[in-house]
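Here the chain labels run A, B, C and D in written order, and each chain numbers its own residues starting at 1.
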């Protein structure tokens, strides 16, 4: 058995983080490591800081889900497998299932290294890279747990049952996720306008709290050149939509914030304009940093009331910038049969959304769909 | 936080084991504990002995899958949840996902107790109890892992994706599993005639190896009176079938054993008679110990070549005993689309079998089927 | 057996036509008659004029599909059923499966009466009325026939396998269809700008050709007051989109017409504006005639490239009119697995679209979904 | 347009009938003609005799369902298509959808010829031939019509939505159907022991009534050499099972007949023996006439109570004859979701059964499954 520092082996790092760092910070959901390893045993040397909620990690071997477990505070050697046939080459993926939780200062995760009897072979890049930007839906909130659950906790959130996971399997692509529950493009679900994804999009993990994450580089400007996506799927506005039905939020330094409806339940023009402007501005930010990516605003898993305002903002962006490499698409709404925990899309709703996106991407990028469903 | 010995709290114990023992031995797959607990935090004090393969444990909360993890050798405090709303009543299930592995002397698992801030409420018995008796199919071999996997390891075996799991959810029943991969009703897949389920059926866990399991009571006669099933689903004969195509096995004290085919690939009469007799005898054993259970031989997920011999044996049993509370049913064969790892039925094959059994049981016992599929 | 003139019995007339006319003209697809009849035998006295293509008719009994047949030129007595239990009350529907074919002057269909041994009971209106406006997709082109078929013929077009049919069953509503293959909101697929639905929307059946249809009232202004829909589903723009990739069409009196793309394949602004204006204008026409209907533009079964222009036009309409009772929704794109004949959405694509619309309508109008799928 | 006598063109005749006869009698369900024709128009010259119930005919073009219509008494020219592209080669199938109705003396159907502008190309035999023998399930009773229907009428019976139809598409095979509703292997559902399929199996169509059918050859010995099936699927015993719960039937010349249950609802030995003997005898008849066919008894779509008696009889047959080319398989039971009209399996139940049989046959005969489902 040999110990390898994480930056001394040819593992592929998933998720936005600090390149070549050791220990390797694991910020966003679906972040972690992937290795092609010929050996019978593999352990990961991982360190967790947390206070209120723990990170959850998923292990996949040869593309199939094997394990999902809570990692407690402290430094651990987590065994991914033992006593498998040592001569076999295996693809192993170990990633954080849940989103970075904004506001939990004590929460951080780093991987120091791995221990194995095996040898590493390179993990090649996939032909297509996709960035998923979103809110609780993209953070897979509700994908684990009974529909009775109402606690907002990492154990019920996942990326293993979120659409990115199904799309990766169906199209053999790689993905990154930038998302946080309750956040919007202009405002959070509760009218807290600080909870908007654009404000943190250009940092490595701008919504991570606490000194430890800051030390790990979360607040640094992200170097977009290291991983240029071919497509960016933005699923935002569900929370901006909710804010119209929530009370005002007293934002420090701003005073009470509130998106308002007219008496006929239509949006107050001045307020919907704020969202539209935020969308247009965010598209510019996305384009600046991802010059070649096809940008798809894919929305509608918890109602489609924002279809028209979103498209208005996209149309303005296109008109202003002449950038036509942007599109809009509805995802299927969640039904009584597909709802998961916490009133959120369950695994079958995520799978339905993944089918729509898989079809869209396969046509746009001329890719073949893998239909095998034996084990996932 | 309070510590409770496992036999001092009103948890429901799943799986055949020693009643009221502390520590509580966990032998068979799907064995473990279920609690109704009002509290925000729950830890399990568990001890594992192992050498070659580890046990894997699943946590379900309010009926939904939450976690699946390998437990390493040693005594651990496993956290099932923390910082959930403490006033909420939750149903929590923590069970061994994989089968007892015959032949691994070092392997045992016991639960000593739990630690929690909560209080316990009784877990009521379900209206219907079902015992599943079988081989690798019933042990859920192949239900995790890529179809590429060929290692026979606990990590790829499960009861969480096996038909009992789906049936429990669909019909709100409770189940126990008595099964081992490779074993048959007369002989194992490799013509080792010692690998037969009837020989160990009347012990608590007669196929468990090693001193530790013996000390824990595995070899004791099982007291069938403590949990009388309403139905017994027997899925055996797939390995007896395989043995016809395998070389002879030199069984100590018996010499070479081999089931043979005629030139036209039909079974040699003398050999198929051994299986038929084993079936008839096993039915008598099942009936003796479970006087009121409906016994259903449910077979066919890896070919149906044994349909006629199985039915012949059942018919002989019925004729001899006048016991008509026994039936036969085919389960759907595994296809290229539903095969899992290790050439075995994958999760969708198990789900298809569960649908057939759910329909059968719902009609026989006049039960309503729960069709919700949001998260499982 | 008694003969009844069609306007002397309490049958429900489906589809836009001349109220109380005898003979009753059958113009649009899904048009025909529905009766609640207590009797054992029912014949329809129907007259068909045609030259090139025949009309096809479907019979449904108690909501289930029974027959689909070509009706030849001439006057016929078509038997819907004979020798059924005469004491039973049955709901019977007999409707034209295919669209009115624009340009076929000889084509017309009228129902003169029925012959029966039974008595009629009133057919009550459904709680919800839906008007479907569209093109070949709404005309169900491609829903019958092998994917090899390339002939544009009535036999491969239907409303029995089109989404309206599935939605009627799922939500227990009634519907009308105004649609024609190849037509758009501004132009036909081939740049013939005369092939636009708005130009004929306010007539009874403005696209019907020939003297006979004119005599029957096809060109008369339609009296919208007789059937006010609760929702209008508009599925147009697929052909306007196609026109960008087709050669110019020499429209008499207009000269060559052609929608153009820029070099980067984006739409020439001047040309896409024509479509947007047509959409905005059409929405005004729809609203004028259907003051209370929820208008949903539901699009995307053959690509979604027009999402943004459509939404731009809708947004302009909303801004200008302050009418917020209008929305946009994507329908699922047709895949290699769901394509039907003639490169068009097959029955499973139509069913997928129907599921999305059923979900949308059930939420908006608070209706229960009927999930039974025994026979359709 | 040219007229061709039916025996002067290279059409393929489906269903047991009199070879080369003109007019061609159409007896069994799924019987009719198949042509490969290059032309734009095709009419069939068909003659129907009937009194109480009419025959229903289905047209398929290039393997896809196009039309289903009642044919009234008399001689008709039925148009299958007109004005299609005349240069295209099309496969056209025109077959009787419903079973021959035993006891209706006036009922017969013959095809005299066809009229077309086209030319014929040979229809090659498929690689696999399958004979389906059964009762109402195999006659597709219940596959059309609402679940409310209780009239036993040809309009609700079909072979177009019966499992043979789905299997033909999935495996590209050809099939024949020998079946009648209410009939059994020993007795009819009502204890009328004359209603048994074996008694008529060796005639061309032994259950056809009336002079006309006799003249047409229905009562002649069938020449099995002209179409030797590779597999025979027997789905019988559902009615024999029902007879145990029905009152006695006074059979002329036999007296009252009645299958009886014991007090515990098990079958009276003497009575179940009658069925077993009928099965064993029928297997001998099948084998005598079809020496190379794989015989599969496939049963269970309306309960599986007869599994054990059927298998007992098959085992006796195998023991006695040493013929091992016979097997047993359960088909999936009909559920509340898949039931059709008349309490019978609906189209989705038939499809589920077809999937099981398709899997079985594809494995046994090493055939590829066609998964396309665009239009059927």
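By definition in this document, contacts are C-beta pairs under 8 Å (C-beta built on N, C-alpha and C of every residue); 3 or more make two chains touch, one makes a residue touch a chain.
These numbers were taken from a predicted model, which means no experiment stands behind them.
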Most widely separated chain from chain B, with each centre as the mean of CA atoms: C
Intercentroid distance (Cα basis), chain D paired with chain B, Å: 42
Rounded Å distance, chain B centre to chain C centre (Cα mean): 55
Chain centre separation (chain C, chain D; CA means) in Å: 37
Residue numbers of chain C (touch at least two other chains): none
Chains touching one another, given as label pairs in label order: A-B, A-C, B-D, C-D
Residues of chain B that touch chain A when the two form their complex: 52-54, 56, 61-70, 72, 79, 81-85, 88, 142-151, 153, 155, 161, 337-341, 346-349, 371-376
Chain C-touching residues of chain A, taken from the complex the two chains share: 264-266, 300, 304-305, 307-308, 311-312, 314-315, 318, 324, 327-330, 332-333, 335, 356, 359-360, 363
